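By written order: A, B, C and D. Residues from 1 in each chain.
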Amino acid sequence: MQVNENFEPVIVAFCCNWCSYAGADLSGTNRLNYPTNVKIIRVPCSCRVNPMFILRAFQKGADGVIICGCHPGDCHYTSGNYFTRRRITLLYSMLDFLGIERNRTRLEWVSAAEGAKFAATMEQFTADVKALGPNRRLEDLRCRKQ
Amino acid sequence: MQEAMIKRAKELLADGSVDRVIGWKRGEFAYDITPAVFTSAEELEHDFVFDDFTAANVSKYLVKETAKEGKILAFLKPCDTYSFNQLIKEHRIDREKVYVVGIPGGPKLDIEKIKAKGITGVLSVKNEDYTLKIETLYGEETMPFSEAVLDKCASCKSKKHVAYDELIGEDGDVLESNRFDMVEKLENMTAQERFDFWRGQLSKCIRCNACRNVCPACTCENCVFDNPKSGIDNKAAADSFEENMFHIIRAFHVAGRCTDCGECSRVCPQHIPLHLLNRKFIKDINELYGEYQAGADTTSRAPLTDYTKDDCEPSVVHERGVE
Amino acid sequence: MQRIGVFVCHCGTNIAATVDVKAVAEALGHEPGVVISQDYQYMCSESGQELVKSAIREQKLTGVVICSCSPRMHENTFRKAAASAGLNPYLVEIANIREQCSWIHKDIATATDKAIILGKAAVAKVHLNTPLSSMESPVVKRALVIGGGIAGIQTALDIAEAGFDVDIVEKQPTIGGKMAQIDKTFPTLDCAACILTPKMVEASQNEHITIHSFSEVADVKGFVGNFTVKIKKKARYVDETKCTGCGLCTEKCPMKKVPNEFNMGLDNRSAVYIPFAQAVPKVATIDPNYCMMLRSGKCGVCSKVCSAGAIDYKQQDTFIEQKYGAIVVATGFNPINLDKYDEFAYNQCPDVVTSLELERLMNAAGPNGGTLLRPSDKSHPHTIVFVQCVGSRCDDEKGKPYCSKICCMYTAKHAMLIREKYPDTEVYVFYIDVRTPGKNFDEFYRRAVEQYNVHYIKGMVGKVTPKSDGKIDVQASDLLANEQLHIDADMVVLAAAIEPDKTARPLATMLTTQMDTNDFFTEAHPKLRPVESATAGIFLSGACQGPKDIPETVAQGSAAAAKAIGLLCKNSITCNPCVAHSDELMCNGCSSCEKVCPYGAITYIDKEFRMPDRTTKVRRVASVNPAVCQGCGACTVACPSGAMDLSGFSNSQIMAEVDAICK
Amino acid sequence: MLKISKSRLGELFDAVAAKQTLYIPTDREPGAAEYKKYESGMELTKELNTVRSAKDFFFPQTENLADFRIDGKNIEVRDIREECGDFVVFGVRACDARSFTILDKVFLCEPVDSFYKNRRDHGTVVTMACSRPAETCFCQTFGIDPTSPEGDAACFDDGESIFFKANTEKGQAFIDSIASLLEEGDTAKLDEVNAKTKEIMAKLPLAKLSTGNFGGDKLNEYFNSDKWAELSEACLGCGTCTFVCPTCQCYDIRDFNTGHGIKRFRCWDSCMYSDFTKMAHGNPRLTQLERFRQRFMHKLVYFPANNNGEFGCVGCGRCLAKCPISMNIVKVMKALEEK
């Protein structure tokens, strides 16, 4: 595959307030670098992430979407991430079924203590999306940057 | 069968057990049958029809009908009873206001399949020992019954009535169906092939909403696609993205609730195999979270409002099939 | 029309060094609705807040965006500032341009671009923010302390002192915890029992304290101010209310070969037992694994000798349910299991013991009545080797990455006590580092070295091999002398790492609190909120939060109590207004939301609606109890019609953020 | 009449497509034809008609009306109108050809819809006479002769050749542009075909359907008819009938936020939809009955009232074939007529 070196993907990361957002903060506190491509949206729980937010991101120009939540069993709200896991598994499977590249979407469990994991995950995800190139299969042409 | 149904409907109307009857009404041609509510013996005798073309699932109408006064008799085919149960489960139908008479299911015929054979000007269709004798403006034609069967009937999942107050005819069994074959075939394609397949299909969509409006799982008071406050409302697919968006979200919203009645594909004027999206979810749910048939009962927890602590991770998507 | 103010913080150089804050302020000033956009050295400072407040007043702002550190840090600061200037606090949004931008990026141009985008997302969101007002929720004036060690006891006593009822749930038959097993305490060398047992008695006698010993927390529901906890009282086959603790049953019990866990299995107890003389409650417990009556129905001696008639072989586990306003976790620690440390021959040689076992061996109430004897042959040991950091500061899977903190000090204590009592005994301590921060700690350690001539050797023990003559070969390296040593020891004492109690993990799940990767509870803020968990109303006391010595544990126990008291003092608390709400007009009443709500906050009501055709229709619709809802948002996705939405994180707000980031 | 042998139709299409864009109805799948931009080798469908009507060429399902470029607080309006290229739509049936007359009445009256007019001006409609009407056809109800279709130019198929006839100047220009491929031919066989078609027409199940009881003066008679309740009972409120209809011309105008601006676009709307003509105060037609009634009253009463008796239906039969519950204008007309 041809990789455009200059391609800077837009990556939206939905992070739950209690674990992953804190994990992202921790990677900041520890000065652990990850690409600027990643922009975080804070949600109370990963289970707040509606599939339509994910599609919306792709529509408006995102090249990759990652959802981060507390590890299963550690949800601040007890069960939120278990629902997330089912919903997102099925959604990602559906996107795959429609021929959307698998590496454009990810779900990762990052605890408040895992600043290093957060940074490493974002590094890897950005690299994966970069390798895929711009999102063409699930984009809205009207939103493409001129 | 039709006679037995009319007879029973008349009895139940006459003894006051029910006030109305929902069934099917004959049309102008052999095949253009409309779901209808009957209130008198005369109407039943004159218009009631039950034949090879009465495929429409009338369960969804019961949402509207049971909100009215009085009790209604509903003739439900096996597949319709699943939709019925699912609606009961979601508190959309008042069970007390329905008298369900289970009737035999299909296979039902698809007029479009007959026309696709180049048989046009259809005036009547007769099933003679599984050969269709079709009288047309241009002479008589024949074709095998099996080739004109509706797709949804060709992959029938069950001949069993999961809800009824009485049955006319014998009850059947849940069937071993081949309904996931096409899903599997698609799964085994490359991502590019799948993408091309679906782009080809979904680009035909004219957003007429027939799939949504016929769907017994789509009974929202106000659909997100009609609701400007939802942020995703749209009336037409102005971009291929919106074609995808509508069908993904719709399939997702009915995931775990879809009984696989197949009405979406039956009514699609563009012949988009929309049921494959729903079946993909059903297949995934069965494989990942255990066999689940929406509408099989009225009490079990739907897979998407349930979980186990050791559910698989979404990375399972990466580990299956080809990319 | 919105009038939004943007305030970009330099955070000294924390932000300003990598993000061009002026450019951020300038760019965001051009966003629709933004009427003022400023930057300032320290937005969180008094003068920074004043800047925001005066802008709210003078510019009549309808929304505020602060580009600064994480909202987890100062969201509340700025919300309060806004409120004091007359703006609803929920019209404030934070763009996190420090932790999630300036601190992780190096290139000024790209970091500035990102900060602008994060700012735009916050502006886009604040456009859709609505004023929210908080509900009040009553506080149940009762606290629960989980764990009856010194941490839990201290917390309970302090809460009770303030006049609130408090329950202690302790899984062992007695409170006291690890401290009850310790002989002497450092650095004062006073007797642990002498200072602990009065506190245990005090706890048992305090009218505000109820002790549920031999009990466990089975289920926790609810939220801050209003928890409902199910406590499982395990069957002890003795009626607590009748037992006088006379101990006759334990003497007469014919089954005497039960390993005594209080003495770390170094001696035996009877099947019916009281863990130790000063146990609280001083009530016997029958061990069903050993009691012949319970196992085979043949015996019944204890029942016969009990004049109080307290023995009840038919006793079952019982559950009690109680409401609490606050919960303090004080589940403590345990030494790690040393099964994987074959190099130290712990499982092979009885004379290789852990430090806690040594405590019992030296304790007057211990297996040898306080005389230090080798477990193997009850002989007096002449050479004792202490091995430090067994499983602590470990890189591999076997051990723990952290320092267990207390081992250096208790080893110095042990060494000193042995040298004091048995001057003919040589004591060697192998250490990586000696860590003695703490009041009088280093002086204490130096006394051990200088006054008591304990041989401290920097180096790790490589192998411990029991020899046929009963001696133990300790092979070690002296890193300072750079030589290999072999010591013929009589006893080896391992300073095993400590780890959180195993019950902590399932408890954390029930309490919906976070743990770190080592299963220590995570505090709400490592520096500023060390005794609170991130879950409101749950406080942390003692070693469950991290390794601690006794004075620290007591201090934290009291601190947790103070926090709990602060909560219990209130008649009601302000609820988080960012909760779910259902649009009745769109709700189908399908019950999907109810099924995913972890709090049972959603109920259904039949409501009459006026229909478009001017008729009325009764429909079943969801109704959210805002005092019970905690705002996770699970229901919003389960709802197919989009009737359910979440205040503060509404669909439209999140999508506005998505749009702003993606454009 | 000028004609071309059917075997040389490809040559003709190639010649047309070389000069301007050509659309022809072609098979998408068995039993379903659609208009596609002609590419060499593409074959004309044998289906009677396309699933979607030919109105898409002049009134597409979605089209941009204006762009607004937004940069911070600055909004710049961009006129995105541009002259469209010349194109030919080949193979339009008589019913669809008549639909353009109806659409013209809506879009070309003042104020003229410049987007529509632009495409009408640049488009040449080449029709094709029918020879195998279907049971759902009822164009003759509206005075349409499928053997002599309107359009700029009309084509006739006698089985071997295609004959050409110009109806307008544009049509004549089209025929002139392909004149080198055409030859004079004898229409005897064609007359025979047409006669046979007319025989079939008379035998169609809906041949007797008449508009006699409908028209602009029937408002009071039908508006409050109690038939509407029964007729609309099963209506799903979907837009299938509307979207396959060649004469339905309602649209909605919406704004789409692209992230860097707004695209103002219009898209087909359906009076069957619950949010059709929804205004600040709500929806003027509150129930499906009223929405259902609107569609048929519009075609059978309101439209003729405002357009000199012309009905808003051309009898193409698409709604008969495609309605998910098989409710349609024919059933409505018959029910209303029953007294």
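Throughout what follows, contacts are C-beta pairs under 8 Å (C-beta built on N, C-alpha and C of every residue); 3 or more make two chains touch, one makes a residue touch a chain.
On a predicted model such as this, the values are computed, not experimentally measured, just so you know.
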item: Chain occupying the most central position, where position means C-alpha average; value: A
item: Of B-C and B-D, whichever chain pair has more C-beta contact pairs; value: B-D
item: From chain A, the most remote chain by mean C-alpha position; value: D
item: Whole-Å gap between the CA centroids of chain B and chain C; value: 54
item: Cα-centroid distance, chain B relative to chain D, in whole angstrom; value: 30
item: Interchain centroid distance [CA atoms averaged], chain A/chain C, Å; value: 30
item: Euclidean distance of C-alpha centroids - chain A vs chain B, Å; value: 36
item: Overlap residues in chain B, where contacts from two or more other chains coincide; value: 222, 224, 230-231, 238, 304-306
item: Sequence positions of chain A contacting 2 or more other chains; value: 51-52, 56, 60-61, 73, 79, 83, 87, 140, 142-143, 145
item: Numbers and ranges of chain C residues touching at least 2 other chains; value: 596, 638, 651, 655, 659, 662-663
item: Chain B residues touching chain A - in the complex, by the definition given at the top; value: 183, 186-187, 191-199, 224, 230-232, 238-242, 244-245, 248-249, 251-252, 255, 277, 280-281, 284-285, 288-289, 303-309, 311-318, 323
item: Touching residues (chain side chain D, partner chain B) in the complex; value: 28-32, 46, 48, 51-52, 61-62, 132-136, 200, 203-206, 230, 233-234, 236-240, 242-244, 252, 254, 256, 263, 265, 267-270, 273-275, 320, 322, 324-328, 330-331, 334
item: Interfacial residue positions of chain D with respect to chain C in the complex; value: 70-73, 257-260, 282-283, 286-287
item: For the chain D and chain A complex, residues of the former touching the latter; value: 256, 258-260, 263
item: Residue numbers on chain B that touch chain C, as the complex places them; value: 67, 90-92, 219-224, 227, 229-231, 253-254, 257, 301-302, 304-306
